[in-house]
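Take a look at the structures below.
Consider the two complexes below, in which subunit A is the common component and subunit B and subunit C are the respective partners.
Up next, the complex of A and B:
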């Protein structure tokens, strides 16, 4: 008898793992028309797992102090065996997560998968997206480079535009009047403990919502039927569907492999893509580097603030847009999900993407 | 009621998230010298614009670092009590600049230029300029500049000796900048190059051909050592790319295999 079978037998007689596997994995049926876009959830889980793994390894050598942080990162990259790879997987991985998150959200929007009483799934996903942005922002400061320092100075300066409480908010975020060791301390705590704990809880809740309500059927094909909204809870079953394991897991695995290949391609062949020269200079509070810009995924917000005559109007517009997006399932109440039958939505969707890209490019070159 | 509460809570959460992630334009703090002189006309304001384009500005060397005074106090900014020195006389310029450029000062004072200072001989700003000072390069040695005082022939000879080494120093600077952009620890190399470049630039200030030849030889030997270090780093980076390529190819291959497996399942599903 193989050691694996012995282990499974051992667990099965105590926990009934074969029964769980049969019900929740191999017996879990997905809609027959489920497409490649549905793999992005598994891709994101893998990438978040990679972030946690590499983050723990980085914690072994990273020193969260303004006098030592930059040198510790330099030591990780140059002295620790494979430290450069761990650091790059973590830093570039964060950018790839944002790409995967955007694709995931865009696919959900296009297929209107937030419909059919899936408001909690959408909302938890939306908060997860914002939390990831927060993790990116707090992580950005930790290397304590010129880029980190000044990007954080600019980002934490923004709430100062809010009347009455603005100055208090800025000081609350920074832990003082300016970005300094106290800012690094609180960003570090948020980045490695606070936010990841909330993130893990939210991922669990998001997966629970997906599983409990049931995977939404792709709104394509002649046999597509709109969800029937009953006045009580109903789990959406797919009795004629395909087994999650192994039938769909192999597709998950394929897309995960392609994403990891994409991540490694950037690390090995375009290592400077997300790192301007100021990312490799130690932070100097007395010298502002020219042309400091936020990360590509914040460029739209950065440029929006510059378009309007006052920052508070820009902030209001951003807040209104994000609120609209968060509450979309509560606003868009129609049952129709097929893109071909929703021309107004699809037009807004395409224009929205183009606007996002255009404003980001404008922000990059402004 | 529940919907309104959800809407309000959602708005607040999203607004806070939006605020947290929204950057704004940076404002650079400026000294009172720049704030005041920047708005003045003619000779009192021109130096600010020139300085902004200078090597000193790039390296955070501001007005008060040379002219003294208090850069934080409008009223006392130009007070001798706060160490304000003002602009130096023509013959005091070498000592003025030499407070920081100590080595060059020594070589200059021993040179024919330094010896002729009191008689109107060349000093620092004649060749380097003052507020718009740029990174020293061989272009500073040219017929127009040198012929203002003497024949260009000797200067041209020295420039010829320096040219090859100067090119190698510039090439090494670019190499180290390239590696620095990849996160390589090149600070030690940059320190060595800084030292070599300074020794090299100092050599010219003696305006003595033999001394320049001797110093250039030492600098070239130092550059060879640096070249060996850079080559070693490049070899390591080349190996990384090789193994990275293998890892990427394996992942793509695995992805294709998984897709092929999916196809076989699709055939089963149709059946």
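Up next, the complex of A and C:
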């Protein structure tokens, strides 16, 4: 008898693992037409796992103090063996996560997978997206470079436009009148403990929603039928579907490998892509470098604030757009999910993407 | 047409072995940077010889210092006679303290006692403190 079979037998008589595997893995059926876009959830889980792993490793050498943070990051990159790789995996990985998150949300929108009583799945995903942005923002300050310092100064200054409580919010975010050691302390605590704990809880809830309600059928093909919404809870079954293991897992693994290859390709061939020169200078609170810009995924918000005559209008527009996006499943109540039958939505969708790209490019060159 | 000489189970076994082999190679490729990243680095405190100002070690007193990354102690047992020892107790690794009135070292963890030459006087330590070579060079006491 092989050691693996002995181990499985040992676990099976105690925990019934074969039964779980048969029901939840090899016997769990997914829609037959499930496509590569459905694998982005697994890609994101892998990338988040990589962030946690590399983040823990960076904590071994990182010092969260304004006087030592920059030097500690430089030491990680220049002195610690393979420190450059761990740091790059973490920093570039954050950008790849944002790309995967955007693609995941765009595919859900395009296929209207938020429909069919999946409001909680969408909402938890939307909060996860915003939490990831928060993680990116708080992590950006930690290297304590000129780029970190001034990008955080600009970002934390934004709530100052809110009437009455604006100044208080800015000071509360920074832990003082300006960005300093106290800001680094609270951003470090949020980035390393606070936000990851909430993130893990929310990921669990998101997966629970996906599993409990059932995977949505891709709205393509002649045999597609719109979801029938019954007045009670129903798990969406796919009796003629493909098994989660091995069919879907292989597809997941292939796309995960693609994203990991993409991440490594940036690290090895375009290492400076996300690191402008100001990322290599220690923070100087008395010298603002010219042309400080936020990360590419915040450029749209940055430019929006500049377009409108007052910051408060810009913030209001952003808030309204994000609220609309969060509440979309409650607003878009029609049963139709096929993109070809939703011309107005698809037009807005394409124009929205173009607008996002155009404003971001404008923000980059402005 | 020739009959298929490879059974499905043989093919499966072959693929499993190949998958295991490639997986092992990838695990080693990913594990090597991890091990190197966590490997203790040379902090520069592993110098083979440490110089201590002679004025820091007056007769009857002891001076603690770092020697090759570990605590060590030097004392002047008689005018012009210096002894250097490892300050790490041989019982469970606590740092011994100099008891000037009794002219001996006491380990505060489990009351192990050592004489000025490092030998065990009493308590649980299984062996003496390690003796370090000492030489004099003008106003400097050289250990190591």
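Just so we're on the same page, the second predicted complex is superposed on the first by the 366 of 366 C-alpha atoms of A that agree within 3 Å, B and C clash if a C-alpha of one lies under 4 Å from a C-alpha of the other, contacts with A are read in each partner's own complex, and residues count from 1 in each chain.
Quick note on the criterion: contacts are C-beta pairs under 8 Å (C-beta built on N, C-alpha and C of every residue); 3 or more make two chains touch, one makes a residue touch a chain.
Nothing here was measured: the structure is a model prediction, and the numbers come from that model.
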**Request:** Once the structures are superposed on A, label A:319 by its partner contacts, choosing first (subunit B), second (subunit C), both or neither.
**Result:** first
**Message:** Just to be sure I read the superposition right, which of the two partners does A:60 touch: subunit B = first, subunit C = second, or both, or neither?
**Reply:** second
**Asked** Taking the superposition as given, does A:242 touch the first partner, subunit B, the second, subunit C, both, or neither?
**Response** first
**Message:** Comparing subunit B against subunit C, which has contacts with more of the residues in subunit A?
**Reply:** B
**Item:** Contacts of A:83 with subunit B and subunit C, given as first, second, both or neither
**Value:** second
**Asked** What residues on subunit A does subunit C touch that subunit B touches too?
**Response** 79
**Footprint of subunit A on subunit C - complex, ascending** = 33-34, 36-39, 41
**Complete:** Contacts from subunit B onto subunit A in the complex sit at residues 3, 6-7, 10-11, 13-15, 17-26, 28, 60, 177, 180-185, 240-241, 244-245, 247-248, 251-252, 254-256, 258-259, 261-262, 265, 269
**Message:** Which residues of subunit A touch subunit C once you look at their complex with the stated criterion?
**Reply:** 57, 60, 79-83, 85-86
**Asked** Given the complex with subunit B, which residues does subunit A contribute to the contact?
**Response** 32, 74, 77-79, 84, 87, 123, 127, 130, 133-134, 137, 150-151, 153-155, 157-159, 161-162, 169, 173, 242, 246-247, 250-251, 253-255, 257-258, 260-261, 264-265, 267-269, 271-272, 275, 277, 279-280, 284, 286-288, 292, 294, 298, 301-302, 304-306, 311, 314-315, 318-319, 322-323, 325-327, 330
